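Should a chain be cited, it is by its letter among A, B, C and D, assigned in written order, with residues numbered from 1 in that chain.
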Amino acid sequence: MSENAPLVCLLHGPDQPGLVAKVSGWIFERGGNIVHADQHRDLEEGIFFQRVEWIPAGDAAVEEAAFREFAGALGMNPSVASPARRTRVALFVSKADHCFHDIALRWKAGEYACDIVAVVSNHQVLEEASRHYGLPFHHVPINATTKPVAEAAQLALLRDLDVELVVLARYMQVLSDDFLSKFARPVINIHHSFLPAFAGGRPYHQAHTRGVKLIGATAHYATAVLDDGPIIQQDVARVTHQHEVNDLIRKGRDLEKIVLAQAVRWHLEHRVLVYGNKTVVFD
Amino acid sequence: MSENAPLVCLLHGPDQPGLVAKVSGWIFERGGNIVHADQHRDLEEGIFFQRVEWIPAGDAAVEEAAFREFAGALGMNPSVASPARRTRVALFVSKADHCFHDIALRWKAGEYACDIVAVVSNHQVLEEASRHYGLPFHHVPINATTKPVAEAAQLALLRDLDVELVVLARYMQVLSDDFLSKFARPVINIHHSFLPAFAGGRPYHQAHTRGVKLIGATAHYATAVLDDGPIIQQDVARVTHQHEVNDLIRKGRDLEKIVLAQAVRWHLEHRVLVYGNKTVVFD
Amino acid sequence: MSENAPLVCLLHGPDQPGLVAKVSGWIFERGGNIVHADQHRDLEEGIFFQRVEWIPAGDAAVEEAAFREFAGALGMNPSVASPARRTRVALFVSKADHCFHDIALRWKAGEYACDIVAVVSNHQVLEEASRHYGLPFHHVPINATTKPVAEAAQLALLRDLDVELVVLARYMQVLSDDFLSKFARPVINIHHSFLPAFAGGRPYHQAHTRGVKLIGATAHYATAVLDDGPIIQQDVARVTHQHEVNDLIRKGRDLEKIVLAQAVRWHLEHRVLVYGNKTVVFD
Amino acid sequence: MSENAPLVCLLHGPDQPGLVAKVSGWIFERGGNIVHADQHRDLEEGIFFQRVEWIPAGDAAVEEAAFREFAGALGMNPSVASPARRTRVALFVSKADHCFHDIALRWKAGEYACDIVAVVSNHQVLEEASRHYGLPFHHVPINATTKPVAEAAQLALLRDLDVELVVLARYMQVLSDDFLSKFARPVINIHHSFLPAFAGGRPYHQAHTRGVKLIGATAHYATAVLDDGPIIQQDVARVTHQHEVNDLIRKGRDLEKIVLAQAVRWHLEHRVLVYGNKTVVFD
């Protein structure tokens, strides 16, 4: 096999005959070798989705630019990534630390091909832990009055650091529509329920009141509508009448960690395509 | 051990010190031997719940009556059952047959300590299959106009047959409040979603539109509020973007069978206590 | 889209650059349209695997023959199937009926694109049930002495009926190496444990003795070595100290049904490739 | 309710009529109030098991001593614990840090009612991380020659610190029979397979070679026979042909963390009774 690093492309656009042949043919003619390729057709919507990972024969930057042009000419919307460019991530946290430690430890263990360029928090609780991991910590206090100013400060920071992905690791503030539209890049949130059940506040209390037999967690892209964005991953755990709200919260922490970690991994490996309010996950 | 058949009692009432000792002491003093005992306290509500299964030393009917009196004197609400009395069950079905066959086969295999005394349907599709299993089939057509008359006929049938449990095995009609209050005995329904998500009609279509990554099924006692009764059992199965609505429906059938079968089993084994809008399941 | 029925091909052979492009290019040039395509590379072994499903533009038989020739020229081992040819299946059963009913009901419900051309049993217990489903039943008694004769009779039957797949639905006899090599077509077995744990007889008893906290079931292709063939699907269920062997057996029945049903479905949909002692399942 | 802290007792011994009544009666007569009680009978072996948690009316030490005497007189083997006495735990680690961090973080978050009084390792990799958590680190190098000396040093340390539980958090040395019999207190190990499948070394490699569709992890008490002790908890995760050994190792880390964490929690909450080579877990 080639010694080159692979390129990964996520494509989507109007379905048409021969797309698989055209894309794989283009790569083959330029001497590339496909390592993985997966595609999906939404027959109702007439959309074609593809993830293709290949070892280019020539210079990665040249091949990447050429592929973008080729895909655009096919009417496809391409997003090409190279492992040489590690995604720049900001973690937003509040006081709860389980998802924070989980992601930081996975990052330290080399599980994630990303640079965590900032930890942003409305509290100072995780400042020392951040520094211990070698992660720059930014305290941006926020309340109802200061929210516009605080969000402006957050946006300036994200821009300065060229952050490409924000991960809300149990960040207990709702991001405004204005923030999301100005940031205009992906934001992954972990909601501590099996959405669409128990959207909004205190979902474990809601679940306990309803008497469900399973609790859940949902990782999704944040959108203007609270807890309603495209779902990336969900999982559940069994509970019984013996579990009080505090038990649900404790059991839920393990769920939240696993679900958020998986969603972040898939995003960083360029496996997730969003369309409408859904995702295609090429696992 | 004694050769006698066991008695099972489900108890609940205001919590008070010494209840476990009093109940087990009473049984021991009368020569009974406890096979299983499990209890639960809802500390918020101050309610005590217990399931106790014992081999009585004396005549079962005498012991049962004595226990009822004893438990009542403790301020407890007792429900005593004996395997000698098999629960009389009516299955309500429409056209979908997967839950129907699943329950009928479990019953034939001896998994359920019940007599299925009637299959009631608004269609004739399952008439021959019912007869093949040796189950009496009753066709009660129903539409918006005839609903009161049809429900009256169903109620008369249930009363004539002394039915103690109705199982809605994908019965596609909503039972009226009037029916439920007149029947006044438990009705178990299987809803094809992870309640409270996707209550109401066409839940798999709703799930597909929302783009969830897990589909669910929920067995619950039917109440006046649609899809809102006390939940007995829930389970989920993983789905992806590749699954169209028909795939969800197909995968859902397996979920529905397993979840309904488990709920019916627990009910028939006298393991389920309802309080408020929740259940305690002594598994 | 074309009105034609799709063709499905499973390919495998030595890895080489451009295989995806060559296969998809060939299909595109002949006017076919790829509906699904999935591939896998075993990098250690240097083997390429692909499943491709496409709507041919021309006559299916012509396209199929042409594809076989094309794939052979690439050094690939192709297996092309068309839904127009339903797989001919024989079910082998003994006395336990849960997997038998499960498969028969799925077949009746149209879940399986196959014809069940024979039910073969060493007992007569399921004769009447087979007839009720409209399935031809063959009683072939077998014991240590008559085994060679009985297997010869089974083989003659399978040949007469041109059976393409044997499903051992809790058939309690071990097929001899001689039988397997003479039949020379796939045989799917369901073993009632999480293989390789508890191979051989009475696996639930073994599991109970060992005190495991999960029981399993494994669907695999039968090979000359008992319970050692390529695994297609596995699943588990939770058990506790409260479960006696009979409870494991009862809970296991549900597992066995689900696991065998899934393996048979994947096989019939031409999603399973065997290599060495493993499977690639293009799900 | 009383302001006193609860006592927890695990009892086992020869089954006899009236045990539930006698134990609960004794507690009630001394003014105690049972919070939870659960029991199990092994009918084959004729053994009775009980876990009872109660709020004593009087002085905890007095009640505890009295209960021990009472239970002994019944022929029962009692083990009484009080939350006032936090279990003293030693963590044994090597280089892999995922279970180490997981347990340390749960301990810091207050999930575990224990004191981690030592981290013992045959490597120095986790020394700094231990100190950061405030945990005393002991480096005890070990090789084939020095094993007896090293184990003697470990035993001396455990005795000095009055360690009540050793947790092998991916400690890559086999403890000798001599060590186990001299320590004579519980040792919990996490094995990275679904035991009894793939005991011994490199279980993920074994699993990959066998082509299983699920990988597992097993937490068990260590005994003289490697990977054969009483199982406390097990869980599995789904894998496919796409997963190489490194993927199994990565996915396995999450399993190992969850399974070990749950086993340690149950042990610390006095929910696990060992008998023969099995456990009763009162969850």
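Here is the rule we use: a contact is a pair of C-beta atoms (placed from the backbone, for glycine too) under 8 Å apart; a residue touches a chain by one contact, two chains touch by 3 or more.
In UniProt terms, the chains line up like this: A, B, C, D = Formyltetrahydrofolate deformylase.
On a predicted model such as this, the values are computed, not experimentally measured, just so you know.
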Third chains touching both subunit D and subunit A: B, C
Relative to subunit D, chain with the most remote C-alpha centre: C
Pair in C-D, A-C or A-D that repeats A-B, with over half of contact pairs matching by residue number: C-D
Whole-Å gap separating subunit B and subunit D, where each centre is the average of the chain's CA atoms: 38
Geometric centre distance via CA averages, subunit D-subunit C, whole Å: 42
For subunit A, residues contacting two or more additional chains: none
Interfacial residue positions of subunit D with respect to subunit A in the complex: 97-98, 101, 105, 109, 111, 132, 250, 254, 258, 261
Residues of subunit C touching subunit A in the complex: 17-18, 20-22, 24-25, 27-29, 33-39, 41
Subunit C-touching residues of subunit D, taken from the complex the two chains share: 40, 42-43, 49, 194-198, 210-214, 216, 230-236, 240-242, 244, 277-281, 283
